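What follows is a short report on a single structure.
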Amino acid sequence: MRTDHGARSSPLGTLRRGMVGVATALCLAEAVARWGVDSAALPPVSLVLANTANLLADPDFLAEVGATLTAALTGLGVAALAGTALGLALGSVGWVERASSVVVEFLRPIPSVALIPVAILAFGQGAEMKVALVTYAALWPILFNTLYGVRAVEPLAKESARVFGVPRLSVLNRVVLPSTAPFIAAGVRISAAIALIVTVSAELLAGAAEGLGSWILRMSSGGANTDMVYAGTIVAGLLGLSVNGLLRAVEHRLFRWKRLVEERT
Amino acid sequence: MKTLPEADPPPDGDRPAQTRAPDTGTGRSERAGRALGSFLLRWAVLAGLLLVWELVAQNARSPFFPPPSEFLARAGQLWLPSAEAWLTESMRRDVLPSLARMLSGLALATVTAVALGVAIALNRRVGDYVDPIIQFARALPPPALIPVFLVLFGREDLMRVLLIAFGSAWPVLINTVEGVRSIDPLKHETARVFGVPLRTRLARIVLPGASQKILAGVRTALALGLILMVISEMVAATSGIGFHIVQAQRGFQILDMWAGIVLLGVLGYLLNLALTLVEHRLLAWHRIANSSTPEPAGQ
Amino acid sequence: MRTAPMLDVSSLTHTYGGGTTAHTALADITFSVAEGELVSVVGPSGCGKTTLLRILSGLQRPTGGEVSFQGRPVTGVPEGLAMVFQDYARSLYPWQTVAGNVRFPLRHLRLGRAETDRRVHESLSAVGLEGHAGKYPSQLSGGMQQRVAIARALAYQPGVLLMDEPFASIDAQTREDLEDLVLHVRERYAMTIVFVTHDIDESVYLADRVVVLSGPPTRVMTTIDVPLPHPRDQIETKELREFVALRGEVARLIRRPSTERTAEPISR
Amino acid sequence: MRTAPMLDVSSLTHTYGGGTTAHTALADITFSVAEGELVSVVGPSGCGKTTLLRILSGLQRPTGGEVSFQGRPVTGVPEGLAMVFQDYARSLYPWQTVAGNVRFPLRHLRLGRAETDRRVHESLSAVGLEGHAGKYPSQLSGGMQQRVAIARALAYQPGVLLMDEPFASIDAQTREDLEDLVLHVRERYAMTIVFVTHDIDESVYLADRVVVLSGPPTRVMTTIDVPLPHPRDQIETKELREFVALRGEVARLIRRPSTERTAEPISR
Amino acid sequence: SGSGDDSAEAGTTDEVTTLIVGITPIVDHASVFIATEEGFFEEEGLNVSAQPVQGGAAAVPAMVSDDLQAAFASYPSFFLAESQYIGVTIVAEGVRGTEETAGIYVTDDSPIEGSADLEGTTIAVNTLNNIGDVSITASLEEEGLDTAGIEFVEYPFPDMMPALEQGAVDAVWLVEPFRSGAENSGARKVHSSYTWVAEGIPVSGIGMSDEFVEANPTTVEGFARAVERANALLAQDPSIAAEIVQTYSETTEEQAEAMELPVWTEGSVDVDELARWNDLLLTTGVLHEPIEMSELTLQD
């Protein structure tokens, strides 16, 4: 057994501390709703959570969640492929970056919500519209993380490959890509949450045939369902939590070497 | 990118210019020429795309896709200083308040996220406690959160600033954690061996070491901040760029809507440019470290 | 040996990893270093010298055994300690200039500006880098970077200095100069020094005592006292009969039986 | 010297930076290396040895002068070349195992699986790392990492091998073994080798010729032929009178006048 | 322009017979559901379904892109679209407002006692430049009050009561089902917006894009006929709306019972009634020129 300075937490400890953190936050929220702001618009967490639990057992509701998840993940997938490819191209070919920089910098800050009417027009109100918006929004973090990752590749690592006559494409493939991979993964993780947010927001703001967002929209036009609206929102958060956990697990498997380097401490 | 900061060039040798590595003394005129070339290239691509758009839109004449010439003219009318007023009405009423909200929110987000991110990265226990909450919170869709923020913080600027901060803090937080964790452990160990106190280590190792990734996070946060600015101005607002765009959408004033979108692009571009300048200053060492590796020669 | 031991290492063991991949780097190490003493440590590559120094510095906890510093068990990094890392390039801060790197650990000593500047300047001159104070580490050659790391440790004037192959990338001439510099500062500031090296001449020339380690699983093969007179001189001391004898003794200890030699020519 | 020059360096100059911060690392370097020759390069720290190797490899363009490889001017990295970098730790791929690192440059040679595996295995054995093939570089000691970099270059069996202080972090015994390994593979694969070192014994022991560089602004001080017989032997060759004489000659050349000595003790 | 691939067997032409109607799940939009349930659409050979939409701003582009073939929206949205040269046609009427269905509410302890006290206050409406603020401004001005000092802010209906309770706004403009909910929790009505000039004003109706109407005249006629039949039923007995609203929205039975129902009218689109919006929108400055009603409604 090797021991280190500082605390490396066991998985069990991590879980326990995570639960403590969540419990504390819940109690706080409950207290605010009960004694802080007395308002019908802010139902107590306990009530919302009870609703959430019920919802999670409701197949109709789960179908809506499924629609949201499908749209978000499809968009994320497209964005991941496109973002990585573009990031690698921009990061390794100087003139491509120079040529695209202004266009990219103009496009990037344009909020996807502002594009909703445009997207409705171009793609209608169905899944394509959501996927298009999600792809657009999720593209940037992945693209820029890839770009930064490419720039952070140890120069000597690239030079080693070049000195051994490794062909250019292989250097990209076997040096730049593996060393950038953790950055790309982090980008995908950032984008995963954005993808969910944009999907639900689009459903909420544009109206859609199905999805968590349109479910929330339907609930809120009923008048007295604030707790249900929040329950839906919480489900959105839970989705994000699970997707993030999943991506983390994948990263954990893929980047053992990175942990070893970090563990050298 | 790889040119050194304004250093004087070495005496010009008789070697053909293009065979030199970029770091090894490029003539000033040549460097200027290249800078001009890349400047033209950057903007030419944008101009080209606009031109194509213009032609397509001229032909299609869809009410929702006006030609760029029209909405650019509208944008100029709305926001560019004119003979009558240096500050147009909409500039004063919409743009400046929006910018103020956005920048305060972003500043708040950056400071909080960097502090929290450093704490999480340096102490896994802290991370363990807050991680599930963070992952949960950052997946909450802001439009669904607006009601909560309205109840908790009222309908004035405070609520908007907080919503912007809440939504844009995540990339900074995540990047800070990653950036701090990716600092070579030997750098920390060196400091510990010399008994350097934590405070100094934070200021002199953790922040500089993670600065590149933090700035990358701020860049993403900037784009998110604009989104949230729009979202936060969709409800209970009486001014702002988001308000402008939403009202234009509702009233089918398509030119105004596109003009608003263009404005967001321009603002994002300018803010990004400002960030690049900051980065240029903060990361001078990084450029030097990278420029010791010249561009691929030949090949 | 002068007074009570400054560093005391007893039955130290260290194993990396666990299960089937476990690797016992240090099997059983016991020795001590008196105050003001200069002990050099030699041993084959991969035997655990770096691991040992890391444990002495308190950066790493051993999996077994004890280390004490001035009589107290080491649990963290003790005060007044400095180290020159083997991986000097990684231990420098690329975002600080050469002078900034040397100044860095001095800040918390609150020496005052003048004294800090003086120390930075002097230690950089001592290692032959006076003209390079404003450069970034990435603008220096390998050997120069290593000297920055040495200057940083010297400017700190620690009570205990741990050096892990500090002169590996430095040319013979500069290396001799720096060896003399180490002897000089040791004398002047009554430093206690543990010095890891691969160079047998160097290990004898510098030391009061040489700790010779075996190959893994690593033990202390023997400890050799070096009763050579002070001050030492690169030419005179190395001509002394005792020096030649000691050097030969260490060399014989380190030379493994030829069947164990690692480098077999690539087979046909 | 055997046939036409493999590498030809003429009036090479290299200046880093520009304006007031310009630093001329190489002032005027001319020499050539014949096919199958082993040339060692010695010179004070920071004189530009790494810069020279980087230019020879085509990684860096000189600011003046010419390098040609088999008669053709070098504009990019020539084929059939390999290099062991001074900064070995950074030149290894942390995401690949030791074996993966050695195999890495072999892939594009399309040798077939069996031959690739054989080369990886043999070169790792040759540097004494047979048991560590499955580890990651971060799990190895400094000297072991350096040997991985050496094994990688050997497995590649290049026509020209450039080595930048390859044995700096390796213990005396292993170092001797690796020196012999270099001589062996040179003979076996008719490699041309340029070898940068700080160790004067090593520079003479290995070389057919020693190129001695001055301090910056760097010029070729002199080139010394080493007509020692082959095969060489660590004990016998080093006992030869010619060896001792050559060694002394290089040492004297490198030893600068004492006023130029860099390491002045820290003043009081 | 209608796409042909979903044209059905029913017609002799290749007109579109499958329609998606954008609605908001409130009682006002009951006619589509009645017409479906009673089989009126089927009898016209039409296959009609409903899809929730967030207001006219989303519905109109969706119609232009043919993602929706028809949509419920408030009339000012149609007027605004038409004023920006986005061709829409109102094909069927929805409901008319009554004194009871919408109103301005304040908290029980508010100093605002009646319309007169609303001068200089802040009032929440669901959408600016639309039915709420336009009807309020017009009706208050008719009472001779000064509306220049009134500030309107946008809030989604569900968030209005909390904003009122918190004092973020002085008064809120509510419609069903939020109106009856607010009365239950003690809010006090101080003004009815659908009074005076806005009395009995048409509130919302069903529109289609001009392209669709041109390309599918038979379908449009059939659709309009089916909705008219539903409107006729609703006009006779509005309580069937209170029942059916529970099937397509989250309204509970109690809520449905407590609701003040709007008024449905028999017959086809009443152009003169709709034209009242021209006056209202012009006097409140939302429009600068009147809309040509022949452009906005079906031509015979």
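In this document, chain identifiers A, B, C, D and E correspond to the written order of the chains, with residue numbering beginning at 1 in each.
One rule holds for everything that comes next: a contact is a pair of C-beta atoms (placed from the backbone, for glycine too) under 8 Å apart; a residue touches a chain by one contact, two chains touch by 3 or more.
Chain by chain, the UniProt names read as follows: A = NitT/TauT family transport system permease protein; C, D = NitT/TauT family transport system ATP-binding protein.
Just so it is clear, the structure is predicted and the values come from calculations on it, not from any experiment.
Each step here moves to a touching chain, and the least such steps from subunit B to subunit E number 1.
Looking at B-C alongside A-E, one finds more C-beta pairs in contact between the chains of A-E.
Averaged Cα coordinates give subunit A a centre that lies 48 Å from the centre of subunit C.
Subunit D and subunit E have CA centres that are 83 Å apart. Centres computed as Cα averages put subunit A at a distance of 38 Å from subunit E. Once the centre of each chain is set as its mean CA position, subunit C and subunit D turn out to be 26 Å apart.
Residues of subunit A in contact with two or more other chains: 39, 41-42, 117, 121, 156, 159, 162, 204-205, 226, 229, 264. Of all residues in subunit E, those that touch two or more other chains are 57, 61, 64, 156, 158-159, 162, 166. The multi-chain contact residues of subunit D, meaning those touching 2 or more other chains, are 16-17, 59, 77, 87, 90, 139. Interface of subunit C with subunit B (complex): residues 54, 57, 59, 77, 79-83, 85, 87, 90-91, 93-96, 104-105, 107-108, 136, 138-139, 152, 156, 158, 162. Interface residues of subunit B, counted against subunit C in their complex, comprise 184, 186-187, 189-197, 200, 204-205, 208-209, 211, 285-286, 288-289, 292. Subunit A meets subunit B in the complex at residues 6-9, 13-14, 17-22, 25, 32, 37, 39, 41-42, 94-95, 98-103, 105-115, 117-118, 121, 137, 140-141, 144-145, 148, 151-152, 155-156, 158-159, 162, 168, 186, 189-190, 193-194, 196-197, 200-201, 204-205, 213, 216, 226, 229-230, 232-233, 236-241, 243-245, 262, 264-265. Against subunit B, the residues of subunit E that register as touching in their complex are 55-57, 60-61, 64, 77, 80-81, 83-86, 124, 127-130, 151, 153-156, 158-159, 162-163, 166, 168-169, 286. Within the complex formed with subunit D, the subunit C residues making contact are 16, 42-46, 48-50, 86-87, 89-90, 122-123, 125-128, 139-144, 147, 154, 165, 168-175, 177-178, 180-181, 184-185, 188, 198-200, 251, 254-256, 261-268.
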